Amino acid sequence: MSFLQLKGVEKVFGDVRAIKGIDLTIEKGEFVVFVGPSGCGKSTLLRMIAGLTDIDGGSVQLDGRDITHLPSSKRDLAMVFQSYALYPHMSVFDNMSFALRLANVDKAVIKQKVGHAAEILNLTKYLDRTPKELSGGQRQRVAIGRAIVRAPKVFLFDEPLSNLDAALRGQTRIEIAKLHRDLGATTIYVTHDQVEAMTLADRVVVLRDGAIEQVGSPLELYDKPANQFVAQFIGTPQMNVIDTAKLPTLREAVGATHAPDGFIGVRPENVMVRPAGGGKLPARVELIESLGADTLIYTSVGHNGNGVQIVSRQAERTSLTPGDSVGLDIAPASFHLFDRQGQKVAAH
Amino acid sequence: MKRLLPRALMAPAVVTLFLWMIVPLLMTLYFSAVHYNLMQPGEKTFAGFENFEYFFTDPDFGASVWNTIVLLGSVIVITVVLGTALALLVNDPFPGRGIVRVLLISPFFVMPTANALLWKHMMMNPVYGVLAQVAIFFGTTPVDWLTDHPLFSIILMVAWQWLPFACLIFITSLQSLDRDQMEAAGMDGANAFQKFWFLTLPHLARPIAVVVMIELIFLLSVFAEIFTTTGGGPGNDSTNVAFLIFKQALMNFDVGVASAGALFAVVLANIAAAFLIRMIGKNLD
Amino acid sequence: MKHIALIIRTLAAWIVTLLIVFPLIWLVLTAFKTEQQAIAIPPQLFFTPTLASFAEVNLRSDYLLFARNSVITSFVSTILGLAIAAPAAYSMAFFRSPATRDILMWMLSTKMMPAVGALVPIYVMAQTAGMLDTLPALIIVFTLSNLPIMVWMLYSGFKDIPSDILEAARMDGANVWGEFRHVIRPLAMGTLASTGLLCLVLSWNEAFWALNLSSAKAGTLATLIASYSSPEGLFWAKLSAASLMAIAPIVVVGWFSQKQLIQGLTFGAVK
């Protein structure tokens, strides 16, 4: 019996179907990430699970109970908001204990639970401060602490890292991962950042236009994308997706001579740059990006101005410069085939 | 239940305001169509348009309309121009700016009757008043403000009171002026006047419009100053439409004519209000 | 160069300000003079201050009565106004409907009508009901005059409470009453206070209705000051003292809450 189950969940705004019949099951203790471009409906879906937005169709079951029409206050879920939504007039302690106070929990128990959560999150010496006396990172931890204290059935995170600066983001990401490892709580996490999705998730749900494109573990999505959208959404830099009509020689170069009309996808790490004259595809270097541990080589394949861009990624530094002629090789059996509609085609 | 609560919460405000609006309006409409004098309350006979005719052909009517226009126009021009100048002057920091701003706002909070008499007696008295003393100091003859220039005196009092209002609004608006834009203009070679003309003034266009609209609406009803100082005179030199209506109602006790006049004033106000409402409406959501 | 500009600006600002505020400064000075000193020629800037005129104010008329009336009418109309306006503003801010905007605009429009337009009917009604020169009549009129602005200010303040804080409260288990008690009420205190202050100021300074509907019994300080209109021997010091006592509290209130007050009066059209 799965822990959280969505069946045919629908949401309509005016005459726009924002969420189109979502089916999803989540197991207890799983860390599931909803990821997708802006407007794909991931936050809306999260809010529907939370009860902050009405569900127009379908049902949501939690631990055997139908919560579809229950108010948020009765669903036993906790949410960490993107803006943290801390109560500005309450101290950190009061913020974290609010839910327990509403439930008339014994004061001593409250003190113990809040103290424990504060310890885990390094907030103990801030318990008496108000939110405006805290930094962004600290406020975020209070928001998380507020959720932990309640020990809910499911934790909901709505883009919690977007308001943090880059350094803090990386650090907090790790803390969230550790927290999940220690607490083992069922978590749904919404983000537009695919790095967060890849690193935090047990399973990733890729959404577009209110529908699920693919569900799977991060590496599953990376190695076996179900369609072009997922293939290009996951992975940085983006997978090279080339129109077979624009570059007919690609089929042979890649080893997919019987590939139908459509697109061929190759990840940059599977494109090797050889000196001019070598490799299966003659190309010209357009741009070099040296990132230190990685080097990205942007090349243009084909003639005149109609060159197709193919990006290569390698660990070694390069002495190539823009304008150099090179040749490209593709690692065997590393290609993905997509038809004109973007759907995956089996590489027979 | 979900529908009922919001309505119940709004009901007291909506009902009372509705009554406050509709009852006087209906009564005014009624009164304007009858002969009704408070000295002879028993006799109410149908008057048709007579009250309106009487009101509009009253020699004082033309004068009062003109005075109202002059009053409104002058006060608005003075407050906007001086208000802008003042706001610019105190916009950038200088020692004591906080105190200066606090002092500048004070006239707005003085009650109108105190304002009026402060000017009538202490400032404008032709013998003992401050203005008279200053005139004597400079060797000119003191002016008998309220007798010789009644409307101007009223304008002065009202403008003095509303200057802080305009000034504060402009100060607030200037604070949201884009500094980066100013710096870019400076780098493009603009001098101070050009920056004012091309950047500051357009930015102030909206607050100026708001000030003009608000003052139009509230200044239409200037009354206390006239009542307390000139009594509308000498003659009708400082009578505005509001005071004229008051005169008809509570000095001549002619409720019918006064009501006709009141409808006129309401129509005028509605026109100004329509513009302001549209402007506010844009800002609402 | 910048230094000189700063000095010039500072001098200009101070001189202009003192010129503008001079009448008030003169009022304050005159209040502490004797009647003889008040009409001295040339006008005295330096003199020994005295409280004699303040005492004489009460001899001339029952200052305390008028002060009491001002206090009662402003405070009661404020409390009454808040009691009526707050639920309405709450409803409009948190249970918004398509009609909300129109209702709000309509309320504001009632404030834009000239008071003189309602003078005749209100006067006649008050006279018929025997309520001329009574405090309740003034209170009712003050409350209704200020109601639109109060609703507007409270509505703006309520709307400023971020909706995600309310959602967080909901997730934490609060029902509608819980949301109000724990989140909205504490956060809206500031707005309630400044709205109340604005109503106090407007009622205290109100002159039109006070002059027309009240007289010896229910008159407010505004009408008392107006009674100094005609010359009555030496009276400037008394007038100044009476005025100073009447306007000082409100001017001070205005100093502290200028931003909010102006916001209320422009119906928020200038941010």
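Labels for the chains are A, B and C, by order of writing; each one numbers its residues from 1.
By definition in this document, a contact is a pair of C-beta atoms (placed from the backbone, for glycine too) under 8 Å apart; a residue touches a chain by one contact, two chains touch by 3 or more.
These figures come from a predicted structure and were not determined experimentally.
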**Study point:** Closest chain to global C-alpha mean, per-chain Cα centroids
**Key:** C
Review point. Which chains share more C-beta contacts than any other pair?
Key: B-C
Review point. How many angstrom lie between the CA centroids of chain B and chain C, rounded to a whole number?
Key: 16
Review point. Taking each chain's centre as the mean of its CA atoms, how far is chain A from chain B in angstrom?
Key: 60
Exercise for review: Return the distance between the CA-based centres of chain A and chain C, expressed in whole Å.
Suggested key: 56
Check your understanding: chain C touches which residues of chain B in the complex?
Key -> 5-7, 9-10, 12-14, 16-17, 20-21, 23-24, 27-28, 31, 38, 86, 89-90, 92, 94-97, 100, 102-114, 116-123, 128, 130, 133, 137, 160, 163, 165, 168-169, 172-173, 176, 206-207, 210-211, 213-214, 217, 220-221, 223-224, 227-229, 241-242, 245-246, 249-250, 255, 258-259, 262-263, 265-266, 268-270, 272-273, 276-277, 279-281, 283-285
Study note, to complete from the structure: Residue positions on chain C within touch of chain A in the complex are 162, 164-165, 167-175, 178, 182-183, 186-187
**Study point:** chain C residues within the chain B interface of the complex
**Key:** 6, 9-10, 12-14, 16-18, 20-24, 26-27, 30, 39, 41-43, 84-85, 87-88, 90-92, 95, 97, 101, 103-105, 107-110, 112-125, 127, 144, 147-148, 151, 201, 204-205, 207-208, 211-212, 221-223, 225-226, 228-229, 236, 239-240, 243, 246-247, 250-251, 253-255, 258-259, 262, 265-271
Study note, to complete from the structure: Counting only contacts in the complex, chain A reaches chain C at residues 50-52, 71-74, 77-79, 81, 83, 85-89, 98-99, 102-103, 146, 150
